[in-house]
């Protein structure tokens, strides 16, 4: 089918935080490579770490059987795997070294013709750096927060959204039975997509997102207004990156990197205790946290991940290196890897989603 | 906010088969109408039947509280509600009469300035006819099969797809444990979207859709080939409108209209018994049927339905009558109601989704 | 811990229809055998077939990692595996032979000291026959219909019940929106437990079970009475083994053995078409079928299966052969294998569950 | 049917924390009272508060239609409703008064012949006090933690367990992909049932419960031992009431009463930070919190709640006042209300469940 291609063997790794759909990508890459092009596939363990330490294994069709509906990644991932800034302990001191040449040597020794990198902005930036050093690379975007501007949407977001909505659905009955204000903190450090969409889907009354700084007085007003109209409960959906218009900014949890668990749920607790103090109404917090990352991927995510995986192998065969697959409307496209990781996709305060929310009476606290 | 508008009261009805997200539409229409524009809303019962027989009620904000996560429609629907061809029994014989003037009179007597119709091609065609008779109408598309060309996607499809995928997921373990061929019949009389996407998402091995007539020999070849490679089970996903390339066409179940339940699951049983006969392998059928229509809508469907509902009220206020809301890429748009219902959106046999499926080894029996 | 025991190696097989929780049993047997007693475990493939044909593999702790939440059985199962009546084709004719000596020889050659059989009445009867021929056997009951009198409940039932209830929940919204009678056929050939409990849990209006023959007139009366009281929909839950008081008995589907798929859903269709004919109300059927067997086991089933698996290994170590584990109230007990398979546990027409159903207005058609 | 009974009207209230199944109880009480006995039913709002302030409404069959699958309670509940110790502000100071006579007067003026109280130990103790003052009372136990000794199990627990297990299932994939220790804090202040059973069902490696004080060294040993055997992740399930053998006891969150949200998740964070410090392995915490109380009740809980509701009305008709319904094995029984609330049902450290957990390699840190 592609007789002239020089591509015989592709490598694949999954970097950054785990995300529902990674296994569907791996499966699609392996099946397309083997069934359609007769290639070999090598999977590196734990992101770039496997490339640096040369830990990898051949992936056959049997290895990806039964993983489509599984969360996580069978290849593993790691938060400490940057080959251009790899941590090492030298005489009791932590230093960072560039071990990219070693990583590239491992790639060549394994006769890998193209490397497919599935990752977020961090992992894709490294992919771009490797590409500049001559490594044939194809990228697949992964960001559960959906904050990459180069693609309309990535896999993982829909599953996370569904999990967040189910969480809010569950909390609704307690709110209503106990006449309470329930604060639900969801993911979204820089972009409020999950809070906005889960708030819309779960029937939230207040939604606080990083893109629209809030005034706690406005939030409390809404809660009190509902109370006056006989609605004795309210649901407040808070993105972990939400911040007040003025006053002290809460030090946020760093979802993937923090080692100080005390900070978990910072903003949710802050908002909750202020509402309780100012309104006198019973208030409770739930931090959805890792529940949003796990579980079986939704149909949408499994399909998108499969399309991305298949298209990435096609790009490899077409020798379109330094490119990243993406979704535009309903179409799979590809963009320059360099451009892909430069801009954050954030909620527009004047966009249709926010306007829709306002139209049905949701407050953003602004 | 819209001081000059003459619109004071809007009517709403839901027609055709039920669909997850209808309640989210109703809720968004009522909340937007009341909170944003200060309008009154009248809901007709059981589609156009309520308009013909003048059965309706005022909808307040309290009436739409707690319905966002509920399937079905609080307004009810009916399959026999065409005012231009309304059945009546006259001297023991069924005749059809045009009662549209009566329906329009009811609308006027209730001082309804705009009628919002949520429905599929049948209900929207009637809406277009009413518009031609001078009724100010705004349409919202509803088709669980996703086969309306005027919109990229409608609410209900995502939930149905998820239900179909979950059904296939469940059946997988039995297939694998018993080394069986499992045939799963899903919705899709004219378009194979649910079969195609649920097949992709659920890990189907064979997908049969109306757009690609199948050869049963090719289907059996795939099943036997898998067996030779040690895969002793296969999942065959069949759209109810799938048909063989040649030979007798199975009389299909008419999902919403049939009164002869014996026909249910026609094509699934036909495919199953032929596979069993030709391969000698144990084969079982599951017809998902109504399980795909019910249940709580997915986050995607709740959000899309909410956006459609809010936008429909905006169109009403802008006096853009004879229009239908739709989704283009990620944007809410509107199209001429006349054009909206003329063309079926079907799976392209050469499109990216089918190609992706073929790339990972799925067979369409062609 | 058990220094004197002669038991060094145990075998395990899973027979009969698949059932959520089988993998949890296998996992518990393997982990208890290895971690607590330092034994070896051999798993036979496809029920007794693996013993007859000597197809088996050693099971290590790693082999049972990650299977707790998976439906089905990693060992496979088979419907044609009776060593005392094993089918063979001799000169084009199917004959049955006793190959039990061959099966026992395989067991001995593999130095298996005890055989743990997980199965329903068929597989356990065979286990009892093997025990009489001198094979040290321990049984674990498996019946998704919950119709074994020797145990209060077995694993699989709770998951099937949950699936049946979710199916009814989904169908409710369509019933209500369309003002229809929805007939839902669930498992239960000889005992109506799933129909009764899913009907109670799902809000059914009529429940038809094998233990209480129904009069279709009484069923229709109920439906019409609801209609008169403004309840324009009804949910009728039918066990596949339900039968009318008089008149022609429908030939039932043989769930696990039938090769004639046309019979699937016999009674559901019969009941549905009679209701439609007699009441004139729109009626639809859904046959839940295999959806009830698959999917991830519920917490209850995972725990019960784990307790059964662990206790079976203890019985093996205590050399209590010819016994079967069971649940009595909240306690794990064991009974004589001989007694275990003789009596069917059926719904008592005067028991508390049926009385509770009647108290809240549910009709059994009697 | 019960011609001689003097009972004409029954009252019902739901007290304490909300719990899946409360609506199923209310529905069963109303339906049994109306359909079987022709009684009237009055529902008090917000627990005893409605009785004190005389806020109540008649409950008809239509009022309980469609609530079977809903979490929470349509009657509402309150944490501040003890008529024997009712808080009031007098000259800026909070005092407690006995307003039980007023509450009883309201009951009599409404001609309520029996009061059905659905509640935990707090609400049932009040019911017992009212009974001693001459109020005809029947109790229905409600405790999501399953820690009431007078009944084998109550509704709500199975749903909470399922939610906790699903949470652990979701977290598994992240644990495995990232090679992390994941700590999951679940409900259970005085009894470890949810932690124990969810740990068994979710495949936990360490389970910490109030009944078995833990040694953090033992916990870390287990985690490190798994690591040595190539299992680079561990799941630690912690009941909120777990406590170390020695050293400072963490001040626990008071689930329903705390107004200091900072304490939420105390023990989970403590355990997590100590594991990270001592093992050097990445550790994360998830506090399931209110997610365990909400959502649609499981089939088991809907059925048990329905049986309790129906039986409570029977007890009322039999004039067996001062009694509480309960479950013994598979049978509905009743016990003296006085005895019902005196003893806590806790996990036995030597019981079968704990032994089963140990047999498959789970550690309790003791």
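Letters A, B, C and D mark the chains in the order given here, with residues in each chain numbered from 1 onward.
By our rule, a contact is a pair of C-beta atoms (placed from the backbone, for glycine too) under 8 Å apart; a residue touches a chain by one contact, two chains touch by 3 or more.
What you are looking at is a predicted structure, and each value in this text was computed from that prediction instead of being measured.
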Number of steps on the shortest touching-chain route linking subunit B and subunit D: 2
Same or different residue numbers at the subunit C/subunit D copy interface, by half rule: same
Intercentroid distance (Cα basis), subunit D paired with subunit C, Å: 31
Length of the line joining the C-alpha centres of subunit B and subunit C, rounded to whole Å: 35
Residue numbers of subunit B (touch at least two other chains): 169
Pairs of chains found to touch, sorted by chain label: A-B, A-D, B-C, C-D
Subunit D to subunit A touching residues, read off their complex: 17-18, 20, 22, 46, 70-73, 76-79, 163, 166-167, 169-174, 176-179, 182, 259, 261-262, 264-265, 269, 272-273, 276, 282-287, 289-291, 293-295
Subunit B to subunit A touching residues, read off their complex: 27-28, 31-32, 35-36, 65, 68-69, 152, 158, 161-162, 164-165, 169, 197-198, 200-203, 231, 296, 298-300, 302-303, 306-307, 310-311, 313-314, 328-332, 352-353, 355-356, 358-361
